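What follows is a pair of complexes built around chain A, which joins chain B in one and chain C in the other.
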Partner chain A sequence: MNWKRATIAGAFAFPIIGLFIYGLKHDPHDIPSPLPGKPAPTFALEVFAPGQPPLGRPIGDTVRLADLKGQVVVLNFWASWCLACRDEHRTLSEVARSYADKPVHFVGSLYQDTPNAGRQWIAELGGQSYPSVQDPRTRTAIDYGLYGVPETFIIGRDGLIAHKITGPASAAAVTQIVDSLLATPAPAKGAP
Partner chain B sequence: MKPTSRVLSRVLSRMLSRVLTLAAVIVVVVVGAARAQTPQVSPRAAAGDSALEARTSAVAAQLRCPVCQGLSIQDSPSELAQQMRSLVRDQLADGKSPDAVKAYFISKYGEWILLAPAPHGFNLLAYALPVLAVLGGGLAIVLAIRRWTSGTPETT
Partner chain C sequence: MNGLVGRAALLVSLPFIVLGIITIPVALRRGRRDWIPIAYGAVLANFLLVTAAALAMVVALVTHDFSVSYVAQVGSRETPLFYTIISLWGALEGSILFWGWVLSLYAVAVVWFNRERPGDLVPYSAMVLLAVSLFFAILLVGPANPFHVVFPVPPNGPGPNPLLQNHILMGIHPPLLYLGYVGMSVPFAFAVGAVLSGEAESNDWIRLTRNWTVASWGFLSAAIIAGMWWSYDVLGWGGYWAWDPVENASFLPWLTATAFLHSAMVQERRSMLRVWNLNLVVGTFALTILGTFLTRSGIISSVHAFTTGTIGYYFLTFIGLVLLTALAMVAGNSDRLSTRGRLDSAASRETIFLLNNLFLTAFMLTVLVGTLFPLVAEAIRGVKVSVGGPFFNRMSLPLIAALLFLMGVGPALPWKVASRADLREKLLPPISGAVVLLGIAILMGIRNPYGLLVFTFVGYSAAANLREYWIGVRARHVAQGEAWPTALVKLVGSNRRRYGGYIAHFGVFFVALGITASSSLRSEREATLKPGETVSVYGRTVRLKSMWGREEKQRSVVGATMELIENGNVRATLEPRMNFYPTSQEPVPTPDVHSGVFGDLYLSLVAFRPDGSTATIKAIYEPLLPWIWFGGGVVVFGAIVSGWPARRRRTAVPAIVASANPARDAA
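The block that comes next holds the complex of A and B.
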């Protein structure tokens, strides 16, 4: 009789305990993105922070993803109110400069912030090597399934999203991904 | 002093009724003025707007706000949720069906963006478990009552 009771209690308790253990080991904020491997959503966004030569673009210029076909694109979403963005700012700026003579294009996209605050933040942190664009009404950010900032999308020469980095990007991670994407040849012009 | 108090109460009640009448007149005038000031919208446009608003709300209530805990983009006041809601409205206004709008958000955020999981595969567990729990509980109660009532001699 006691064994029978223990079996019934166990049959109910173990699945529940198992669920709790799964829940404790699983970070609810760690949500897999469906985007890697899919074509990068197109965008045409206006430059508000010019960057520095040789990577700079004039203010008011439009950065179009369609114009960057055959290049590796590193798209970093950031905001001046985002503390973690400070951690990666210098890293990304330096990594971008190290690829200046390669077909790699870095672009920052401002997320829920004003261009003035963005420019002030860049000046305060000692400038940025690559240009930043503004994303009115957050449409591009939603197109990239953004949860928060910083998030960095690395787009291959084939126009597919190769990788998404959530949180501050490290130089090692970005370099490794960009190098591996550069190693694959650019698709022939006119290919779909 | 009874007559004086009666007179006083009569005066007071008369004053009160006058004040109430005046207040009612003021309310009518103010409300009338406010009505007159509201811009006249053609009834058809208003109907179209409210229909689109209702469809937007219906879709937005099913989509999860990415920066909240268990809130839909319909209920969340956060900036991202509001911008996502305006995107839902724009897509519906462009002629997309509610399912196509949901499919757009799923393609960007995964099925996680749906507040209620789609009823297939492992997700079915979320729908089946409450029913199973109620059935199991009911069964346990029936069995317990049977055990308590059967075989026990009446004490009265």
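The block that comes next holds the complex of A and C.
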């Protein structure tokens, strides 16, 4: 055994492995979003899937962010062609239901998809507790700088974006963020 | 059903692979060579089972069986059949399946083509290939299983990534890349096999390994060029290489494999560099796995990156195992293998090969450092940096220039020692070629020093390589009275490896000239045109004739019909387009190119008014750009000439091995 060569080679190779282990724990796409802390872009979008009572809204109703001031808003972008959206679907539905009596509003926004396909998807996956809206010409998705689906934006009672979740949302993450936002008092009426 | 077949086939392949891996060393240690066919049977069974799984996936894709997770992820009813079939390698899980299939194919080929070769090298190599297969099989039943059941079954899927269903090269570049990449497992298997069987001291294994490396190298070269062509044709910026981490990943093993193809000759001729060659072979394989890891673990942000999962850790473990094996192998045997031969003179072909290896390795390390640097910077200082073209270009240009020069000097020098007379006679005449090409470069308008240097060195080296041909052909013509074309064909046939190698050199020269001229003299205009208006670039005028749009099944297309005007006549019609896919916010551009011998006119539709009243067109002229593709073809042709298997000769059994296995030899 030539230990000198073994040492040299090992000294070269193993730091690289260490570097990769570090790298695997970090997502290169996890570029800090500039949005958290900024006012949420406003939207007024039409409901195409009503959701279920008590959270439901009739089809054709318009969901306006401006009307939801003082509430926590969870805005989830999804599509029927998106496999990862299936993973978070039931979770979000249940989390939304658990906040039914709190000032928390869940909205699904359909991304690059047709309302028919969206409704069919919801029916197949056993319904959704909260309403979904359509986003013609993906204006709102562009305003929120959507990178892909699913992405979930959580907007605080002050109308500022508090958090962005990239990829399927977990119940724990959503609950924790929403709870902490509910703990801060709603801004007084007329405050900037 | 398809999912069931696929899952079952992959699961059943596991015990076969394990059986093969265990049988081989046991059989060889106990002298039971009659057990080896069992292991070879396992190699074949693995191939058949993975083939069945891959076919099941293709059937699932074609029949839109969205109950299979991979199909639900990349399939759609609107995608044309061709792109549906090739989306087999369009995303992570399918690409791993395809990888496993190519590897199983190589394993069968290695065993089949070497079935009459005596000694323990081939069985041990088969064992190594099975071990690599085992890794991919574990991925396929674990973190990269493409056959998960999706329920409820979706009615339709999103279709492949729009960039991957927009160009015919999607059907060509990835398979070539896999053939090249996966093919580098074979030299690695031979290297481990040679060490385990005790044949590493003979040079025979290096000859065998070199032939297989030439084949994989040819595929990899073709794949890199095809990838450049693809990005040139779809990305709309008129470029073909961006030092993207994944491009680098394909280039790294190419560099070490190229180094090995040259240093292997030194070992064959002079029995030198034996440990070094072992390092190169193992390093090339490790770099292919590293490249796969970089693309599939999501560790580095890149246009090519696949979606990710836990697969990165599996790859990392595998890289660790490969490195440990390599370390034990090289360190454990290097005393025994250390070189007997010595350099006789600084002026000799082996010195040039040594320099060639030095520069190619330095090149590889430069690219590796540049690729990994963003990761290092984030680990140490927590900052996001990107390393781009300026770093790579500055670092690689001197190395490229030096390598181009060596490509002329090497073939001209004799082995062992070159006398002063040799040097004068061999090295001076090609200077005329250097002068000619330098003159041409200046006339073309190239002014940057490296551009001029590349032209000069290419001129020198091309003349030197041509001269080797000329000397050989003339000798045959004079001595044997052969007609010139016959003499040329027979000359190449007499030493295909050597003259095929020179052909590959010519290919590289074309590529070098194409890259240098197109990047030094590129000229670009962007203009917003109304129908009937024209724009000129590099003396070429194009006119916007009309704008149009059409709906296709899976996309909508907007295009501009442009006419290339020469002396008032329409010389050609080009149609740069933009394709809009429902699942993508960004349109996918489809530029149109008018290629001539001396350059490409490249038109890209940048923007348009929806009413068709104006179109913004980017027009680029890139001199000599098509030479890159032509040169790539020449490189591949050289690899084919050099590596095409020779007709079987009766006396192919080397003496050392034959005497070690008399029984086998007699059979």
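We take it that the second predicted complex is superposed on the first by the 164 of 192 C-alpha atoms of A that agree within 3 Å, B and C clash if a C-alpha of one lies under 4 Å from a C-alpha of the other, contacts with A are read in each partner's own complex, and residues count from 1 in each chain.
Convention: a residue touches a chain if its C-beta (ideal position, glycine included) is under 8 Å from a C-beta of that chain, and two chains touch if they have at least 3 such contacts.
Predicted model only: the values in this text are computed from it and were never measured.
Visitor: Tell me which partner A:102 touches in the superposition: chain B (first), chain C (second), both or neither.
Guide: A:102: touches no partner chain.
Visitor: Check the residue A:112 against both partner chains and state whether it touches chain B (first), chain C (second), both, or neither.
Guide: both
Visitor: For A:142, select first, second, both or neither according to whether it touches chain B, chain C, the two together, or no partner.
Guide: In the superposed model, A:142 contacts both chain B and chain C.
Visitor: Output check: A:33 vs chain B and chain C. Expected answer is one of first, second, both, neither. What do you get?
Guide: The first partner, chain B, only.
Visitor: More chain A residues touched by chain B or by chain C?
Guide: C
Visitor: Scan A:81 for contacts with chain B and chain C and give back first, second, both or neither.
Guide: A:81 contacts chain C only, not chain B.
Visitor: In the overlaid three-chain picture, which partner chain does A:6 touch, first (chain B) or second (chain C), both, or neither?
Guide: In the superposition, A:6 touches chain C alone.
Visitor: Once the two structures are fitted together, what part of chain A is touched by chain B and by chain C alike?
Guide: In chain A, positions 31, 112, 138, 142, 146 sit in both the chain B and chain C interfaces.
Visitor: Could you pull out which chain B residues touch chain A in their complex?
Guide: Of all residues in chain B, those touching chain A are 66-67, 79-80, 83-84, 86-87, 106-110, 112.
Visitor: Show which residues of chain A lie in contact with chain B when the two form their complex.
Guide: So the residues of chain A in touch with chain B come to 31-35, 38, 112, 137-139, 142-148.
Visitor: Give every residue of chain C touching chain A within the complex, in rising order.
Guide: Touching chain A: residues 69, 72-73, 76, 150, 152, 154-158, 293, 297-301, 312-313, 316, 319-320, 323, 326-328, 330-332, 334-335, 372, 375-376, 378-379, 384, 582-585 of chain C.
Visitor: Flag every residue of chain A that touches chain C in the complex, lowest number first.
Guide: 1-3, 5-6, 9-10, 13-14, 16-17, 19-24, 26-29, 31, 79-83, 112-113, 117, 120-121, 124-125, 138, 141-142, 146
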